[in-house]
Amino acid sequence: MLVVLDLVGIFVFGITGALVGVRKQLDVFGIQVLALVTGLGGGFLRDVLIGATPPAALADWRYLVVPVVAGLLTFFLHPGIGRLERLVNVFDAAGLALFCVTGARKALDSGLSPLSAALLGMISGIGGGVIRDVLSGRVPVVLRSEIYAIPAFLGAGIVVLADVAGFQATWPTFAGAVVCFLIRLIAIRRGWNAPLPRPS
Amino acid sequence: MLVVLDLVGIFVFGITGALVGVRKQLDVFGIQVLALVTGLGGGFLRDVLIGATPPAALADWRYLVVPVVAGLLTFFLHPGIGRLERLVNVFDAAGLALFCVTGARKALDSGLSPLSAALLGMISGIGGGVIRDVLSGRVPVVLRSEIYAIPAFLGAGIVVLADVAGFQATWPTFAGAVVCFLIRLIAIRRGWNAPLPRPS
Amino acid sequence: MLVVLDLVGIFVFGITGALVGVRKQLDVFGIQVLALVTGLGGGFLRDVLIGATPPAALADWRYLVVPVVAGLLTFFLHPGIGRLERLVNVFDAAGLALFCVTGARKALDSGLSPLSAALLGMISGIGGGVIRDVLSGRVPVVLRSEIYAIPAFLGAGIVVLADVAGFQATWPTFAGAVVCFLIRLIAIRRGWNAPLPRPS
């Protein structure tokens, strides 16, 4: 089940990368590269940090096919430029939700402490988007004035707490993903902003 | 002792990350993220490169609390915008000095050759700042026309040479950090610049 | 032989990094840093992803001397600014060709599947240039409208297929490098562009 969630996460993140590429008017290969790094970046980061090398994405061909398919679909079927940014945000929220829970799970399985597992879940969630934005010259969404890292940390935290409490893994995983996804979407819709530093 | 120096380095680097975030008018979470990646980035890079995974920062909760505290303190207590850049430079120099020596030590302990250990010390020193600047869209300080990588390499070199010469670790570590810190500060104060390529 | 190809690749990539540094009017140390990260970045990425840590570049002093020499030579002997970009492209193509084949070889030796090995070859090929461009604030060449990742993937693919077919390693390695290099150069010369997404 973890693999399925991982692949879905890679797919949606791959779509966001490709949409950003379309927005920047990159060619089909540049779009593919952005789809690949966005889809696989977070997982690479996660696996390298817990020492699970080579990363799953390099050991399993499905992990390579999925972002390529996501990139090609986006290249041919992408909507008008106007709706791109909103779509990026929705798919990005989905990827964030899926990766923060799978990342937390993988971290727990590899024996990290609860706090570390939650942080690693957050890192796997935000990693792909950060790489996508840095490569394409955007201010990383995680730094822009939006609730982004927090929902990922909460989603991962739910998985970790349920594990500490000895619950069976399935439902907490879904709960964590749903919570992260909804908070993130509501934050975007409502335009929730976190407090700014006092003017100086 | 190594852990203490490491934590102090993470703290000061975390402050620089948060100050840059304040400067960019990021919200409290964006500032936290910058504090985390700046504080932990160099160490992650170091531990991943020597294969010491999961990085100490993921295995020990203190490594996570320190940058968060640094970020919150900076968020609430940061000074006027005018003095920010100078403060960034001073704390950055301190983090550079601490990480280059702890990085060199850790590299030696993990059996790297002297030259490699000095380079890894330099990498751990400059890593956090590079990640901070790339994420926040600044030209990495290490590339700007300033003496930056050199003091880190010298500081790390002192630790390595003392180790090769069979000295006991404590004093060379402090000496390396002090030398790196002072050279860096003097370079900033005096506006030392390295030679530029011939105009062409 | 692999080591020699690797060192030549590091040398030419180091030159591209230094040339970009000259172009950006960085000082001698900034240029050295760019030469180092560009020359060693792809290999670090490759070795970290296959878990071969510490990377060869940290275990073998020659890997450190080569990019430094490349940087110094470039600093003193670089041509007029006008011809810089073309030179960057040519050396970059050579580095791309050498790293994609050595990366694929190393991946095969470490037991990765054929598809993964080809991808890792591509990653090692494009990694150094991506790091160089991100640090120096350029749009990564791999995202710009040029045939870049594809020749690297083809070059790596040739090495992988020859290995699958049971050929002896030497000639396919050269063939892969030559194919990648020529396709890349022709693509630049002819200004080949890949299809763009439909306007929207």
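Going in written order, the chains are labelled A, B and C, and every chain counts its residues from 1.
As a working rule, a contact is a pair of C-beta atoms (placed from the backbone, for glycine too) under 8 Å apart; a residue touches a chain by one contact, two chains touch by 3 or more.
In UniProt terms, the chains line up like this: A, B, C = Putative membrane protein YeiH.
Computed from a prediction, not measured in an experiment: that's the story for all the values here.
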Looking only at which chains touch which, which shape fits best: line, ring, star, complete or other?
-> complete
Interface numbering overlap (same over half, different under half) for subunit B and subunit C | different
Rotating subunit A onto its identical copy subunit B by a Cα superposition takes an angle, to the nearest 5 degrees, of 120
Could you put a whole-Å number on the gap between the CA centroids of subunit B and subunit C?
-> 28
Touching at least 2 other chains, the residues of subunit B are 48, 51, 134
For the subunit B and subunit C complex, residues of the former touching the latter = 48-51, 107, 110, 112-113, 115-116, 119-120, 126, 130, 134, 139-140, 142-150, 193-197, 200
For subunit C, which residues are in contact with subunit B within the complex?
-> 21-22, 24-34, 44, 48, 51, 53-55, 58-59, 61, 64, 75, 78-81, 134-137
